[in-house]
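Here's a structure for you.
Going in written order, the chains are labelled A, B, C and D, and every chain counts its residues from 1.
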Amino acid sequence: MNVIYFAWVRERIGIPQEKVETQATTVNDLIAELRAREERYEAAFADITALRVALDQELADFDAPLEGVREVAFFPPMTGG
Amino acid sequence: MNVIYFAWVRERIGIPQEKVETQATTVNDLIAELRAREERYEAAFADITALRVALDQELADFDAPLEGVREVAFFPPMTGG
Amino acid sequence: MLVRVQADLFDAGAELNSFSQGRTDVGAIVSFTGVVRDTDGNLQEMLIEHYPGMTSKAITKITEEAIARWSLTDALVIHRYGPLKPGAPIMMVATAAAHRAAAFEAADFLMDYLKSRAPFWKKEVTDQGADWVAAKDADEDALKRW
Amino acid sequence: MLVRVQADLFDAGAELNSFSQGRTDVGAIVSFTGVVRDTDGNLQEMLIEHYPGMTSKAITKITEEAIARWSLTDALVIHRYGPLKPGAPIMMVATAAAHRAAAFEAADFLMDYLKSRAPFWKKEVTDQGADWVAAKDADEDALKRW
């Protein structure tokens, strides 16, 4: 699964995207796995309320299932306009 | 006093403006004088709720005093924009 | 602040650009353009009459009120009179502010007030004849929002 | 409907004119232009990051919703990304409708949704360093109006 990071999430993790092999069934599970990896992931995902997630380029909830999903993106609340 | 007419008020009365010698003390008095003159004034002023008045180029009420006023304008509700 | 009352055609895009030009203290610019709409496909022209002595004064007063109330950086109003063809611009308003809410609200306010308080009267000429456009109760009611 | 996501500068006036061109079924055109604002006089540039795979899709969805809900004749959204200088246009929205209320409301709605639902992130670079612009609670709350 392709995992993409934007804005300060990208900066904290240090890379814009990566391939992740996972058995996680929900976004929350995936986040738990990533946080357990390294300090920089822990720093990025520490406060989930400051984050948003998109699954295959559609905004989603953190308890959404990952089955069939090819692209997960994490980012802070958007500031367009 | 200069009296000016716009839109269908002008069309009904048949002239865009005229000098009026009057002792009328309010707009209502002036209207009563004009209505008494001729049928075309009666036609223009028959329904006062369909009219607006400006005194010296400021919107005013029909019971406003005419003392010191140099220009009275009668017209239908505005349709700008 | 710029207020113009004119018979001539204006170029809304060029006016918007010159209004926006060279500002770094502004975050939001809203423009409104009113266009002669041919509702039933039989409009030949729209005639706009106005009260020359009062028009600029009335528009300036309304615009100054909008600038003060929404702390606008600037505002622009252009309104035409005379005979206009379908599709032609009748008037435009532009507002510049730090934030979008002020720019939107002030432009909306300006339109409501220009509609019912600036001395213009529209007459539509169709193949059936010519008729003065009646003021709508809804337009008068819209003023109560402010 | 026209949706464009681009790094290049755009000319808001020219876009407004080409959006408005040759329509006789429209009475009201509203435009909004967002500009890089230098609040404290020390902004060097604004960097706008976006999510290329999602941006156009998200904007198109929001714009289609606005067109349907307000029966717009047409709508336009242009949004830039990359480094932008103070005073530069960031984005614009334009709406065309028969009447002014629909054009105003739809543009206001589009701005609220683009602000919080289109995948852009702003970073301000000043002489004190660089900082991501925080989303405001008020922007999220603004969505509840619709």
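Operating definition for what follows: a contact is a pair of C-beta atoms (placed from the backbone, for glycine too) under 8 Å apart; a residue touches a chain by one contact, two chains touch by 3 or more.
This is a predicted model, so every value here is computed, not measured.
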| item | value |
| --- | --- |
| Farthest chain (mean CA position) relative to subunit D | B |
| Centre-of-Cα separation between subunit D and subunit B, whole angstrom | 48 |
| Where subunit A and subunit B are represented by their mean Cα positions, the distance between them in whole Å | 72 |
| Where subunit B and subunit C are represented by their mean Cα positions, the distance between them in whole Å | 26 |
| Residues within subunit D bordering two or more other chains | 34, 100, 111 |
| Multi-partner residues of subunit A (each touching 2 or more other chains) | 81 |
| Pairs of chains in contact (touch as defined earlier), listed by label | A-D, B-C, C-D |
| Residue ranges of subunit C touching subunit B (in the complex, touch as defined) | 34, 49, 51, 53-54, 57-58, 79, 90-91, 111, 114-123, 132-135, 140 |
| Touching residues on subunit D, where the partner in the complex is subunit C | 11-17, 20, 22-39, 43, 86-87, 89, 98, 100, 103-104, 107-108, 111 |
| Subunit B to subunit C touching residues, read off their complex | 4, 6-8, 54, 57-59, 71, 73, 75-81 |
